[in-house]
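Alright, structures below, take your time with them.
Look at the two complexes coming up: chain A is in both, with chain B in one and chain C in the other.
This part shows the complex of A and B:
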């Protein structure tokens, strides 16, 4: 049943460029990018129990890596860009994570927020490096070594780049699935549910949290790098704290207790935002109300509503208290 | 040189006195309700817009323009009514939830209020025109400072003293401190927590809206001002220590003055410096300079 559902979804995604209009096909591109980002974010929140409110930092790292490599260094191969984005994110996340995982709950959220804003003000103020608030251009990358600049931009986005993104998302999903169903993933869940017990059973809580942090940062950067080519432009708002809030919103909308929940959240968020904005300009009002409703009435998100068995730990969890 | 320094310091202190009001609102809510209220910045923005409208209305009604400060304060006070609405309408459902959900609920309020402001006042910046310098400027030993800045600094100090007095001397203050210290015990002793929460949240909102109203002659009201200020207020409360009023006071001075110095010497560093300090404080002394003190 579950397999059949998954196969149907995959078939729909693969068929979409041939049946749907170009506009909706290009709307799928941010969905793929945000899906990669959210897979990582959910490893940190849904599986490890740490809410990052500064994850946009790593989206920014990935997006600016794509911008720098294509427009400053002439590195056009998207494979190289994605790898470089992930590598840069790991290098940046390693020390930041080392500091952040010493805390949990609100202090973790605040520290990640502070790091995110630090990076944002760097992007904004050091305009001679980053282009300031105007941001930077992302040139159309080569896919698998092919220079596709002959093809019109829309055609490039809706065909080769679309399927490229699908493959990246598929690989990212497969790897993440292996991570969360491995003993490592089990340890993360044990840490989420009861860090003291996990520690006493020999799980190195801080080190595992740090692993989760670094992995999720790499995912965010890969997703961030995928965001660039669609718009051809990156700007500091990618790293702003409200962007962090929005991706947390997507995760909660779909449901963090479910592996695919955040992906559903991203899909609904992007298409609903598009629909609402075509009717009224006030999407924030509508989405704020939706978020409030979810937090209050359905902390399991959309997938939680579908699947009542989803374990909701929205109720007060027994996680460790304030830092020492 | 010295004159320049004095100017920089004075503008820093002016900014600090606004920051203190918003941060104090954040602190009192966190101290008692244990909710980190991201919407504080939105209350500030709301106060600013209502301030502009009140001033325009009062000028149109033929009141002497010199009274615009009173119109601003009245506007700030009136719009604080969103406080109890948000508390009763939303927050009260999540008091027993994980604090990450509480944080997200306040983020929902941020989103909604931003668009409410867009709907009511549009997207172009609003200002009160030339009222800022209506009270003239004071020149002392070559240092020029708008009198209005001094009024705001004075008002902020007065509010700080009033809050201090209220917390230390009044019955309501004692209840707040008790509730911040031990919620269950206060409830067992007969404190009606429901009422305390409404009042505390209203107080927190009030500080934000009045802060927003008071800043408005000096700067234009913009839709992003709330989400920009909340990260500064966040820096203030982290540096000072979550939940501490003294922390808000000192933190606001640190952030306001340092930012002012950075802008005049090395503008690239403006907020970068502040966040570096925030991170240093969080890493070295996560409870902040005054953490653990009573609300």
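This part shows the complex of A and C:
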């Protein structure tokens, strides 16, 4: 049943450029990028129990890596850009993570927030390097070695770049699935549920937390690098704390207890924002109310609600009751 | 008061209908040869949250006022103008809004854009989508250098540093003997470029003028007490700022508390953006104050501006700031561009034809004649002057009013190097 559902979703995603309008296809591009970011963030929160409020730092690292490489160094191959973004994030996350994972709960969240804001200030203040508030251009990258600049930009985004992003997301999802299903993933869950017990069983809690932090940073940077070509411009807002808040919101909206929950959250967030923004100026208020409602009434997020319905439907079926 | 999009469109439609019923003398919509019957869709990008929300609202109101008048008079070549509002926010989100207007709503033109960071993102997207974009206040400048020398569909605001150049000219004219200057500007490119340009021009008039302090508070800061203490310590002859939002008011209030401007002159190049919050009780006389492209109380204003100011005050309970004029100008120039291109094409013109027609076009805006330069940069007059308490208002006004045309205070082309031009141009002969 789940496999059939997944296959249907994949088929819909693959068919979308042929059945949906160009605008909605371009709206899927940030969804793919945020999905990659959220897979990483959820490894840290959903599986390891550490809530980062500064993860936009690594989105910024990825986005600015794409900007620097395309517009300053002439590196146009997206594969190289994604690898460089992940590499840069690992280099930055290694020392930051080393410090942050010594703490948990609010202290961890505040430390990550502080490092995030430090990076944001760097982007804003060193404008001779980063362009300051004006940001930097991200030029259209080559895909698999092909320079597609002769294709109109919208066509580029809605066809080759769209499918490229789908493949990146598929690879990122597969790798993350293997990570969370591995003994390493089980150790992370053990750390989340009872770090003292995990430690007593021989799991190096700090080291494993650090691994999770660095992996999630690399994911965020890859997602950040995917965001750049769609907008064509990166700016310090990408690394601002409100952006960190947005991705935490997406994760809660979809449900962090489910592997695919954050991805559902990203999809709903993007399309809901698109609709509500066009209707009311107070869309932030609407989103605030939704967040409050989720925390109070559905802490498991949208996937938590679905799972609950599935469980209750299963129980009724077993008891011979009519399906809802 | 905020309006949602549905109310907004309803209001425009109602105004148009009411106008046609209430004023039988006006020309009703006529279907002309080669003109589609459906309305012209005009996309609006306006900031609706944060420190720049009043600026976005003012631009939106200028466009709404234009739409009411144009629809009463029969529309553009007989087609009603229908406004579709979207929010300007971060570059990433605004690019998405722009794409929505172009690809999904399928508007004929998009107007708006205030932030330079947003302008830098929108310019290339307008070219990629072949969508006409007439900016209100956003440039496509990176610092003082133009990033799009020859755009086809993007039409940009005046150069960022223009008001600072005007402020420096008036400083040299009205404040003889200024030898030391301090600057307090927002910590972003606009603030830094204004401070640099101000100094460069002032040095052309007073070569031995010396900067003694530069301060960079973040946009949106509400406490300037430490900055004011630093300024008092530095004892400059003049303080310059390019603040344009509520921080102007806060700075003046906190400066008044310690009598800062009793011991120094002041040049507020862009503070007129919040002019009616600059109350006489804390804003001294004798400062240079800039109102950008429209001064609401200008004695030489056109009948159009006077009518607008009157109706704006009646409707919104305040006097209009300059962004209304940018909003009005962009849509009025679009109307004129369509009509000009129609004469040549004999049918509703394509976006390319309208873009071509807009190059060099001049129209009557709220503030007087305004135009698009051949390289798609706005041309207009800037209004600056010396603050006075001699008026019926409870806030300061300016007297005398200096009218500074962009032909004099803006570099003549996008390819001109700013500081080479400043060195070659200033001091002005007259």
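One rule holds for everything that comes next: the second predicted complex is superposed on the first by the 308 of 324 C-alpha atoms of A that agree within 3 Å, B and C clash if a C-alpha of one lies under 4 Å from a C-alpha of the other, contacts with A are read in each partner's own complex, and residues count from 1 in each chain.
One rule holds for everything that comes next: contacts are C-beta pairs under 8 Å (C-beta built on N, C-alpha and C of every residue); 3 or more make two chains touch, one makes a residue touch a chain.
What you see is a predicted model, and the numbers here were worked out from it, not measured in a lab.
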Chain B and chain C placed together on chain A: clash or fit? clash
- Of the partners chain B and chain C, which touch A:74 in the superposed model: first, second, both, neither? neither
Q) Of the two partner chains, chain B (first) and chain C (second), which one does A:285 touch, if any: first, second, both, or neither? A) first
Margin query: Tell me the contact category for A:125 with respect to chain B and chain C: first, second, both or neither.
Written below: both
| message | With both complexes overlaid on chain A, does A:202 touch chain B (first), chain C (second), both or neither? | response | neither
**Message:** Quick check on the superposed pair: does A:113 touch chain B, chain C, both, or neither? Answer first, second, both or neither.
**Reply:** first
Chosen between chain B and chain C, the partner touching more chain A residues is B
Query: Touch check for A:145: first (chain B), second (chain C), both, or neither?
result: neither
*Go through the superposed model and pick first if A:232 touches only chain B, second if only chain C, both, or neither.*
second
Query: Regarding the shared-chain residue A:133, is it in contact with chain B (first), chain C (second), both, or neither?
result: second
**OP:** Check whether A:183 is in contact with chain B, with chain C, with both or with neither, and answer first, second, both or neither.
**Re:** neither
On chain A, the footprints of chain B and chain C overlap at residues 125, 281-284
The chain B residues in contact with chain A across the complex are 36, 38, 90, 93-94, 96-101, 103-105, 107-116, 118-119, 227, 231, 234-235, 238, 267-272, 275-276, 278-279, 282-283, 286-287
The answer for chain C against chain A in the complex is residues 2-6, 48-49, 86-87, 90-93, 95-97, 99-100, 103-104, 116-117, 120-121, 124-125, 128-129, 142-143, 147, 187-189, 192
Residue positions on chain A within touch of chain B in the complex are 45, 51, 53, 99, 102-103, 105-107, 109-111, 113-115, 117-118, 121-122, 125-126, 241-242, 245, 248-249, 252, 281-285, 287-289, 291-292, 295-296, 299, 313-317, 319, 322-323
The residues of chain A that touch chain C in their complex are 21-24, 26-27, 30, 124-125, 127, 131-135, 137, 152-154, 227, 230-233, 235, 237-238, 274, 277-284
